[in-house]
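Should a chain be cited, it is by its letter among A, B, C and D, assigned in written order, with residues numbered from 1 in that chain.
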Amino acid sequence: MRKQLMKGNEAIVKSAILAGCRAFYGYPITPASEITEAAALYLPQVGGTFLQAESEVASINMLYGAASAGVRVMTSSSGPGISLMQEGISYMAGAELPCVIADIMRGGPGLGNIGGEQGDYHQVVKGGGHGNYHTIVLAPHSVQEMADLTALAFELADRYRTPVVLLADGFIGQMMEPVEFPQTATAPQLPEWAVAGTAESRGNLINSLFMDIDGLEEHERKLEAKFRIAEEHEARAEEWQTDDAEVVLVGYGIVARILKAVTAQARAEGIKVGVLRPITLYPFPNAQFQRVARRASVFAVVEMSNGQMVDDVRLALNGSRPVEFLGRMGGNVPSHKEVLALVRKLARSCQPAEEQMANV
Amino acid sequence: MRKQLMKGNEAIVKSAILAGCRAFYGYPITPASEITEAAALYLPQVGGTFLQAESEVASINMLYGAASAGVRVMTSSSGPGISLMQEGISYMAGAELPCVIADIMRGGPGLGNIGGEQGDYHQVVKGGGHGNYHTIVLAPHSVQEMADLTALAFELADRYRTPVVLLADGFIGQMMEPVEFPQTATAPQLPEWAVAGTAESRGNLINSLFMDIDGLEEHERKLEAKFRIAEEHEARAEEWQTDDAEVVLVGYGIVARILKAVTAQARAEGIKVGVLRPITLYPFPNAQFQRVARRASVFAVVEMSNGQMVDDVRLALNGSRPVEFLGRMGGNVPSHKEVLALVRKLARSCQPAEEQMANV
Amino acid sequence: MRKQLMKGNEAIVKSAILAGCRAFYGYPITPASEITEAAALYLPQVGGTFLQAESEVASINMLYGAASAGVRVMTSSSGPGISLMQEGISYMAGAELPCVIADIMRGGPGLGNIGGEQGDYHQVVKGGGHGNYHTIVLAPHSVQEMADLTALAFELADRYRTPVVLLADGFIGQMMEPVEFPQTATAPQLPEWAVAGTAESRGNLINSLFMDIDGLEEHERKLEAKFRIAEEHEARAEEWQTDDAEVVLVGYGIVARILKAVTAQARAEGIKVGVLRPITLYPFPNAQFQRVARRASVFAVVEMSNGQMVDDVRLALNGSRPVEFLGRMGGNVPSHKEVLALVRKLARSCQPAEEQMANV
Amino acid sequence: MRKQLMKGNEAIVKSAILAGCRAFYGYPITPASEITEAAALYLPQVGGTFLQAESEVASINMLYGAASAGVRVMTSSSGPGISLMQEGISYMAGAELPCVIADIMRGGPGLGNIGGEQGDYHQVVKGGGHGNYHTIVLAPHSVQEMADLTALAFELADRYRTPVVLLADGFIGQMMEPVEFPQTATAPQLPEWAVAGTAESRGNLINSLFMDIDGLEEHERKLEAKFRIAEEHEARAEEWQTDDAEVVLVGYGIVARILKAVTAQARAEGIKVGVLRPITLYPFPNAQFQRVARRASVFAVVEMSNGQMVDDVRLALNGSRPVEFLGRMGGNVPSHKEVLALVRKLARSCQPAEEQMANV
């Protein structure tokens, strides 16, 4: 298949349909609107359903319904709309319903602006909804990954019976790049647990209500257990020149692309620097961080936020290495220059004492 | 003033009115319903407004309006309703609007059950809404504190112009204890920034929209800065026999009361154990944890959750001390017996090597 | 095609699909729930869309969207839900959008009960929404007519670009009778005015906003004009033994069946009685009333209401004949006995003076 | 009290407060917005509650709540919002709850425009909601009447335990005239049937659900009976030079003012013309129409609609006199000239044959 040039937002929808997605409920919001637009165009072409709902509260509850009936279903929004979905996400997680939610992050709390930011990390990764639950979170950093991770999202959603969130900043959503799709499509299949309106599925029950105390505790332990399995099998990160890296730059989404560019230049200056890019934000790739940390001297987390993922890096390293943070906000992207300056500063600080002397 | 015997939920409302609260918008939900009920009864008696809204989405937006007009205002709910408020909370934080929100936690994600849990920690403390923001979070562990921290909540909300959340498990909301209120009431006052419908306040603007990239970044840095101040001045924790403690038990809400009871018994067995109870969950009392850690050997965090606050403890200690976790869920309260067993185990593990030898 | 035994509510849905309906948005309510249930079952089987909406306000606005895109679309409800749709119905009428709405009437204002009544006549026939508009209203009195008039409803909706309402009491919705469907189905077709998301239809505009005063007046006169045409061509009523009738019974829906039974018995007693059953309630069959009135002496309107259609009968006759009214409510059906008593009384009153003398 | 110059919309609110209204829930819409604005300003000044609700669906249900608690309560809107209230109005009528609703009519069905029209007559007077119910409807034609009829509306609402609608066109809402208010205010009083949250009122029940068939019929007959009493005691119309009128002009609201001006000029031409202005649209002043008809030859109904009230005039006269109709729409007001032309034409047509001959 030839590569097609398209926006990240559009790639999500095409990939979703190839992955067997047949229902989309949502409401447009910048910078995620192209997802809704593409879904409105393409879903009907494959006999699927597209519906622009009354609100994001309505959307997520329609996902609940469609997922219960065994349909691969997705929605998209940006921060404010994702906030409105938190009750429904908790319900779907509690009822073990698969679905895919794309959050194309805009700027600021409240209305903010339509620039790209990474300020929804806490909401999405820690769980902005109530109660003890998790969702799997995937963080694409290219249009190709918007496609690939969407396909993966549907697979993981079904495998773990859980909502999966694609978390991308507005830049990844809006940029255009060539993207290649799989040659074969996944045909929709009916999960055996679904309530499909058939005689066979009449005995099935989708539910997040467990009035009995011990019954609820057992249910929550079961939810936890599957995420412990996911942590072992699904945690992913990209390592970029980390083999000999003393300074490890950490970032996801558009930030990681800047980090790679800075790495090239810093390497040219003789600085041993690499990039560790989390692809799964939940489960967080703790093991990879710990492995890279054996060799590295210092980590620097760069985010377009007030410092959110940095806590997960600190938890992964648990004090074994110093962790620096550089954050930009409001739609400002960390500049090549400011990241490079940080790298140089850290490189100096992690030199062995004798080398530092020699520099004097 | 004589002490009055009442439920924690009722104490919140009486304290709010004494603190100058004159508007309450909400929707009842177990185990928070008595708050709505008491608000419906008492607010009109002081010329205030009570309104049962169409939904929690409506409630929080009514808070936005009332707070904009300079009225001290509050709402309450439990998990599902708090989830529905996440968009509005982010808006209020972004627009720097004070309000008080009581979350009386029930069990489970989704519908769960009506037992008490502590599963909303991530949602409330990390910020379940979108974008870069924080809210102050207070965690009462007695009916008296339900009253006292409500009063403090209104003070901090105004001082920092931010939503403040009271986070209590259903047990604290439902239990009855004697409570003493202040002798004097705070008269409602109009903040100078409010849009009060008067000629003087016509120039004021309440807003969370900052279309300019640098303008939004500046605004977000301003929000961050005030929470750095709050971290310095408002972080609170109760230390209970921690002076010589080797094993430090950590818990908030109803759990802390169990930890204190266990401490008494363990001390009788000669185990040097104490309790460190965070009162502010955000800002988290990092400094107190670090100070107590100088002496202590090991920390054990006990929660009625799948392990949420435990990460903040790990971040506070940053690997300097081992952190154990014991969690119960579904409305099950950690038992005296299981906590004591954990204390005994940890006490043995932190004994100096020679003592351990001697025990053999 | 063999006749199938089914409920009136189910017949509506099967007929709708044969008429090319491919989208259904609604919310179940007794005694209309089987329509939603059947739609959920059958629409997906023909590649159509069924969606249970958040509320009836949402449903009707989804109809607005689907109709704008040129899809044959329907919804159903009973009184309370139909009330919630009034804004949307006015919008659709104003924007000249075709759709079919089934109102299966329950009892009473407010919650009332789930018995059958005819109390929504004013709401549906006079227009419960705002502004100058009409909708065509069809009143089936058998399961076969539930099917036939549904097909007609879709035809008229398209021909006049207007919402069409099927108005049936709960008895017609719930009763089972054999019904025969057409052998051929109508394939969905795209109207040339639709906004279909295609390049060709990009210039089309669906709109009910006319800010210019003269422009709005012109638009409203255009709406009126098409209903004057509809009045001429589409007004329908069934005449049952009216040729020589002196007493004319008037009723629609389940009531008409009672009137026919009473007629048989009254004829056996020598009373010249007939039934005039409006099939279109809007446009009202004024011409047929005037024609029947040339011979008849008196009309008696029987409704399961407080007297709503009776005004349209009075307007049609304009004082030329006396009009009596018999109404039952709450789910009570006018009894054979009470209607027969009324017929006997009216027959006596309309006898010529000499005959009355002879009877003495 | 000196007269104050103000808009009709503002007069409604001042009069409402003097009539004891202490709660207002609504949402602004042109041309009714000044009502909401004035309510927001004045209600809090008398210790009352103003709340801008999430939607008109929310508003009307808040009226249901406040009225149940015995508070004199009102809302306002224009056509689209009034449509959204139809379910709630039916509920309040069914539950016999007093309230006052001001409908300041705008133009057209759907969005239409913000000009004044009289197109909501059917919706408001016939009952746009479901089931067998009525509301009292008052039609002011001056700013002074906006005040006076608001006061009357609260009285009638309480006396008949029913919603009362003030139906005014946008012109009456927007025009400014001097208005005089009563010297004394009505103090809020608690009706004995209210559910006031007190021990005494605990046994009271507000309800529109009557599952029993005979119980519901009895309830609906009770509702009907009180409107038969209202018809006898409350029906009102203004007669303007009707004593010797051969041509009777009929109009309400702003139209009536034009009719009076035309009457003056036509009288100067020697035409015996008068104006009959319904003040209560429900109950309709049938008796006054019949009395005036004894002398008059012809009636002409002038409306800013497609012809809605004209049917009630026809029903009142029942064919005894010819009824002409002149309608303008879209915000166009019937001109002096076109009404005068109609009067001249009708005057000619009702002259005795010999006079017509003499004119030749």
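By our rule, a residue touches a chain if its C-beta (ideal position, glycine included) is under 8 Å from a C-beta of that chain, and two chains touch if they have at least 3 such contacts.
Keep in mind that what you see is a predicted model, and the values were worked out from it rather than measured.
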Shared chain contacts [chain A and chain C, defined touch]: none
Angle, in degrees to the nearest 5, of the Cα rotation that carries chain A onto chain D: 180
Of all other chains, the one whose Cα centre sits farthest from chain A: D
Whole-Å gap between the CA centroids of chain B and chain C: 58
Rounded Å distance, chain A centre to chain B centre (Cα mean): 29
Chain centre separation in whole Å, for chain D relative to chain B (CA means): 52
Touching two or more other chains - residues of chain A: 57
Arrangement of touching chains [line / ring / star / complete / other]: ring
Chain-to-chain touches, reported pairwise for every pair that qualifies: A-B, A-C, B-D, C-D
Contact set on chain D toward chain B in their complex: 40-41, 47, 49, 51-55, 57-58, 61-62, 65, 197
Chain A-touching residues of chain B, taken from the complex the two chains share: 57, 78-84, 86-87, 89-95, 105, 107-115, 117, 119-120, 122-123, 126-133, 207-221, 223-224, 305-306, 308, 311, 314-315, 317-320, 328-332
